[in-house]
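I have placed the structure first, in the form of structure tokens, so that the comments after it can refer back to it.
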Amino acid sequence: MDLTLYIFDLIGTFAFAISGILSTVNKKIDLFGAYIIAFVTALGGGTIRDLLLGKKPLVWIQDTNYIFLVGVAVFMSFFFKERIVKFRKLMFIFDGIGLSVFTIIGVQNTLDIGLSPVVAIMMGTISAVFGGVLRDILCNDIPLILQREIYASACIVGACLYLILNLFISNDLFVICLTTVSIIIIRMLAVTLHLSLPKLK
Amino acid sequence: MDLTLYIFDLIGTFAFAISGILSTVNKKIDLFGAYIIAFVTALGGGTIRDLLLGKKPLVWIQDTNYIFLVGVAVFMSFFFKERIVKFRKLMFIFDGIGLSVFTIIGVQNTLDIGLSPVVAIMMGTISAVFGGVLRDILCNDIPLILQREIYASACIVGACLYLILNLFISNDLFVICLTTVSIIIIRMLAVTLHLSLPKLK
Amino acid sequence: MDLTLYIFDLIGTFAFAISGILSTVNKKIDLFGAYIIAFVTALGGGTIRDLLLGKKPLVWIQDTNYIFLVGVAVFMSFFFKERIVKFRKLMFIFDGIGLSVFTIIGVQNTLDIGLSPVVAIMMGTISAVFGGVLRDILCNDIPLILQREIYASACIVGACLYLILNLFISNDLFVICLTTVSIIIIRMLAVTLHLSLPKLK
């Protein structure tokens, strides 16, 4: 079970790293910069969560696989760049998996240290979307999630769903898969139907 | 006494949340984005302070009232937006109260863990102004406090005043009120007389 | 020995503070803003490193000399601004010393708490370059190190060199000097030969 989550986490980290690198393509950012952006996109959300929760050591300090995985993503992007751009649709699925796994891990870690479900939903969402916020801050853009079609909202819904399903279903893997599929479906609907939250004017 | 400070803290949090939301009005930021900006403006300064001091748990993780209060501010802004813009003058007073309470709480928390007055003044100022810095970073603006008429300086003066008054006056509430009134007066003078610090050229 | 490193650390802090202030010259930033930028440039990298490592108290909270040193740098820049601009070449050496000392302190601190060399190299680089990243984020620029000729790379090479030299040479001061000279030479070569890492396109 923990192994399943670990593998999902690595997939999510890899997908987020690639999406971070893709966002640097038209900027004057060198290979080292690409590594930083990829790292921050992939591991920034979980890092902020753990800093806020006062949890240590950080996951990538304890397990250097994460550090190397981001390196692999950078080198793969560099050598196979044409292909990765073609795989954007597959990336969308990967991104959804990352979003979902990071949400679930954030929620679960927060509950594990005895905090309230409200804080857990918040930490799940932070894990999932604040890597992207840091990426956009570094790239000097207004963070996408402050403006974009339903994205963080999908994590919040997913986090709530995960909490509710856990009350009724004891099979962890089944709950994780159901949550993941829901988040991916919400994202697909949001993108194809151009759904977005109302804005203040 | 602690209750008084708590109520003042909630007022300050609410005022800063509203001011965060108002700053998103002409940007393409949706409701969720508005919540993040409001949260970061209201609770970011204290969060940075506690992270730097290594204090945990963070106040809003322990007491979810803060999380809900920011939500109330977002919904109120959304439904009564015309009115809130009219209340800008009242907001100025609220902002002054927030600035002052956050400064005092920052100073007091730092002294309580046995650190020097210099660090306390710094932490007081960080509590009061770094929420706004984070807001401006997220909105992709140069932080206002780096450029603006006397703002952070009012907190530094207030923090020093609070330390000095505490040496001579034993009534906490009186010291808090005196500090708050001073900060609000400094802010009013700064805005009406267009006072600002010199710049490097 | 520790005293040597402490003095080098103060020199590096001072050099980075000055370089932070110089970067505000053509922006509308007041004296207080200049202090914040200088502080963040000089002490931000080490602060992020210690937050990530969960080490506390932070060095400048424990030893207020750092806080005052940044203040001295701001006042000196304000009163002798013409001269400082003339000393830019000297600043380049100072910056190299800072870069090197911060890298070495970051590497050594990380090894001291029993973490792996990979994490140590990372933390060394973060100590050295993330102050500049924070400065650029505050000034609303794309971080220079994401784009610039060999800069962070010099720290990575320096960190590796430091680790290797430590295996063979037992004289700490000699290792520190050798590492520092190497980083300064790499920086000089990079600037004069316009060396840079490849970019993704």
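The chains carry the letters A, B and C, assigned in the order they are written, with residues numbered from 1 in each.
Here, a residue touches a chain if its C-beta (ideal position, glycine included) is under 8 Å from a C-beta of that chain, and two chains touch if they have at least 3 such contacts.
Owing to the predicted nature of the structure, the values given are computational and were not obtained by experimental measurement.
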Are the two sides of the chain B and chain C contact the same residues or different ones, given that same means over half of the numbers occur on both copies?
different
Between 0 and 180 degrees, and as a multiple of 5, what angle does the rotation take that fits chain A onto chain C by Cα atoms?
120
Rounded to the nearest Å, the gap between Cα centres of chain B and chain C is 31
Going through chain B residue by residue, note those that touch at least 2 other chains and give them in order.
51, 137, 140
Per the touch rule, the chain C residues reaching chain B in their complex are 21, 24-25, 27-34, 36-37, 47, 51, 56-58, 61, 64, 67, 77-78, 81, 137-140
Under the stated contact criterion, what part of chain C meets chain A in this complex?
51-54, 115-116, 118-119, 122, 133, 137, 140-143, 145-148, 152-153, 156, 196-201
